[in-house]
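Presented sequentially are two complexes of subunit A, the first with subunit B as partner and the second with subunit C.
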Partner chain A sequence: MSINLNIHDKNLTSNSILHHLPCKIQANEEANVKSYFKPKKSLEGEKQCLSATFRGRPLDGKDIALPEGYVGVIVMEKNKPFSEEKLRSFDAVGCFKNFTQWYLDSQYTSENSIDMVCQTWATSITSAIHSPIDPKKLPCD
Partner chain B sequence: MKLNGVNSSDTWIFVLPKSCMNGDGDNIVMSLPHPRTDKNTKFLINVCDETCKLFELNRHQNECSSWIFNEQSVLADGSLFISTPFDPLYLILNELLNEETGKFVLINQLFSGSCELPDVGLKLLNCLPSLVQMENIAESTGTAEFTAYRFNEAKTLRWLKAKVERLADVVSKRGVMLGVDPAEGATAFAFGLISDYLPSKLSTKLGRYLGIEDKIKKRKSCGSQPSAKKAKEEPVEDYSKQLKTSNIVNKKSRPRSHKCLDKVDKRGMKTMSSFFTVKSKLKD
Partner chain C sequence: MRKLKMEVDAYMSKNDENYKFHSTFGEKLKCEPCILGIDEAGRGPVLGPMVYAACFCPVSSKEDLANMGCDDSKVLKEEQRETLFEKLNAATSDFIGWIIHILSPNYLSTSMLSRSKYNLNSISHDTAIDLVKTVTKLGVDVKEIYVDTVGPPDVYQAKLQRIFPQIKVTVEKKADAKYPVVSAASICAKVCRDKVVNEWVFSESPDIEKNYGSGYPSDPATKTWLRKNVDRIFGFPNFVRFSWSTASKILETEAVKVIWPDDDEEEGDAASNTPAITSFFAAKKTQEIRHAFFRNNKLIQVESF
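Then we have the complex of A and B:
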């Protein structure tokens, strides 16, 4: 069973807003987020700070830009197949170039793992592991 | 369908190279045996006529995380799938190694039955920038249309060495090594990362070829710490131990009157500490 991702650019209209929260919300559904989750931007010196509260807990936010050359896509399976063997297909319903990572007060550090994935793994490490090497340029034994 | 009282999700968050979105090709997620584990693992392949691109799907997962998107939807699973380019040679190499030694095979004969996608072997060859890439891991025979390949260890090790060296360079420049001495560790660290894409037999050979196998073993042994379980068994504040060691250390510097006490006949006497131990132990 392979999965088709229909993610071509023309289908997409908007830049989606994403928040990655440091807690588990046991729900996969629509919610009135707009009225209850209100991030605030403030300036502390020259640094821009993001803050919000969720269920009474203070959260610090950080905008994480996706690495150069990458794009984020939200994909949704609109029609679920009835059998396991059937080809499944997911359609893009939104795209993004950055998202907000939220930390529960003290977790806020510059070297959070999701940062590392975006900045170091996707840009330099993975190309060193996977980009091709020309066999003609290798020294002979 | 409900799972843990939550509607199962039909939505996922992906990060992909822009080329997957802008081009005309189909983006297909398929399973192939991972070279390290031999377990079926999901890869993303972008198929556009004769040229394909292969990507690895890395799932960034945190137990305590969820997504909110577009100010109206909640997603319980906070996973982020990041797909980054993947060298198809690692996959082809693994399949060639599984073949009988000394036999030339057509790449399309490999992977048979291991993937639901038709002609996956050919598609992987199409992922290579050119067929010359195959010279990195194999010898070839046949015509331009039907080329058969055979695994070549010397070539493969030379290719992998170049990979390790290139990665070691990046790693030491970026300063991303975790808990490794940067002076000698970069190669070992890079070797570890590359090994994640190799069958264990080949990674052992590569370690020997690079001459770092011994170093790695040494580092492991000297860095060995008691396991968490072992550490827990011993009380944090064990005064009896301190007592014993201080006895030995102080033996020479003790006053003479104490030394005389050593000569006293202690048969039948209980030690002071015995009064404080658990009763059941005294019985036996």
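Then we have the complex of A and C:
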């Protein structure tokens, strides 16, 4: 299976607003986010707090910026081929530099690891995968 | 409907939050020992806020209050309740004061559906306790309180008596029919809840119809309205108490399934750490444990997407 990513600069100019929820919504479709999902900012002492609700459950949010030099791309697949061997094609429809991570009652969540994941991905994994390889340094037979 | 002198506009513009407000009240209530009655409206409905009210007057004005004809708000017609509320309100310059706490449906949902469940009885008790404290802070010399019970009356009475040792506490079933000061509180609460429910402003969309009936789960109009106003993803407008089984059952069939990280915890008895009985019969999941690097970074293998 190979994948084709169609990314045009015009799709990367406006920042999309992204919410990463702590639950799995078993659907992949457009939703009335603007009407139903209204995060609120408040101050608790000096700490900025973000709160929202989803399906009647309380959520606490945190804004997370992508690591320096990264941009997030949102892709959409218009038609998913039936066969696994066929070429798949994704179109970039938006981009983001930051997103909001939502926790279910963060006071009861011990690890808020998404920050760390972003960093690990950016600093360790991508460099290992994408750095050019010097052929001279490859082990020879 | 006549225009009521009850200022709930401040609540309406932020109806996902709670709102506490009180009447003006005369000096008499600050210098004489007072009695205070507490009651609530809208405990059972699946829609709208639960409204808590306290009404208070000097011990010396007990008779005057009784003569106003307050009765259990449930046996009175809407118009009678409004008339009585206006009479009560007119007396706030003299011997009566009231305080109301509107608990928004959003607050009820999120409290009851938080990770550490905050149940309706505890919410009710805490709200009543807070009302007494607030009235005391306003300078009213509360000597006796009368409360319509939530849960077993003796337990509730002992709890309140412990918190307010200097006050004579009476908790009874149907206190709203027995004590005029509780009847007065029940009228304030009911009139407020009715007004808020009738004039609800849907922040989700101005097009949502208001033919929701009484809001009680047993009302067919309420059920029809609930089914009609499901959003596949978000469920309901925040006018609905998601924590009511009437609401959650409709979502099970009419909306997209949502899986939460604490879904498993609900099975079995969390308090005693007893696993769900079914877990003994299920096949043991054999799961390969991956290196800590993958687990800590939440990296999982994806075979299809």
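Everything that follows uses one rule, which is that the second predicted complex is superposed on the first by the 103 of 141 C-alpha atoms of A that agree within 3 Å, B and C clash if a C-alpha of one lies under 4 Å from a C-alpha of the other, contacts with A are read in each partner's own complex, and residues count from 1 in each chain.
Convention: a contact is a pair of C-beta atoms (placed from the backbone, for glycine too) under 8 Å apart; a residue touches a chain by one contact, two chains touch by 3 or more.
Fair warning: this is a prediction, and the values are worked out from it, not measured in the lab.
Among subunit B and subunit C, the chain that touches a larger number of residues in subunit A is B. Legend: residue contacts after superposition of the two complexes on their common chain; A:41 is shown touching neither subunit B nor subunit C.
By the touch criterion stated above, A:5 is placed in contact with subunit B alone, subunit C being left untouched. Contacts of A:23 after superposition: both subunit B and subunit C are touched. Of the two partner chains, subunit B is the only one touched by A:130; subunit C is not. Touch criterion not met for A:97: it reaches neither subunit B nor subunit C. In the superposition on chain A, A:57 makes contact with subunit C only, while subunit B stays out of contact range. In the superposition on chain A, contact of A:120 is made with both subunit B and subunit C.
In the superposition on chain A, A:75 contacts subunit B only, with no contact to subunit C.
Counting contacts by the rule stated earlier, residues 22-27, 29, 31-32, 37, 113-114, 116-117, 120-121 of subunit A appear in both its interface with subunit B and its interface with subunit C.
Contact residues of subunit A toward subunit C in the complex are 22-27, 29, 31-32, 35-38, 53-58, 104-105, 108, 113-114, 116-117, 120-121.
If you check the complex, the residues on subunit A that touch subunit B are 1-9, 16-34, 37, 66, 69-78, 80, 90, 93-95, 113-114, 116-118, 120-122, 124-136, 138-139, 141. Subunit B makes touch with subunit A in their complex at residues 4-18, 20-22, 24, 26-31, 44, 56, 58, 60, 62-78, 80, 82, 84-87, 89, 116-117, 128-129, 132-133, 135-136, 154-155, 158-159, 162-163, 166-167, 169-171, 174, 176, 193-194, 197. Those residues of subunit C whose C-beta lies close enough to touch subunit A in the complex are 16, 106, 109-110, 113-116, 203-205, 231-238, 240-243, 247, 251, 256-262, 296-299.
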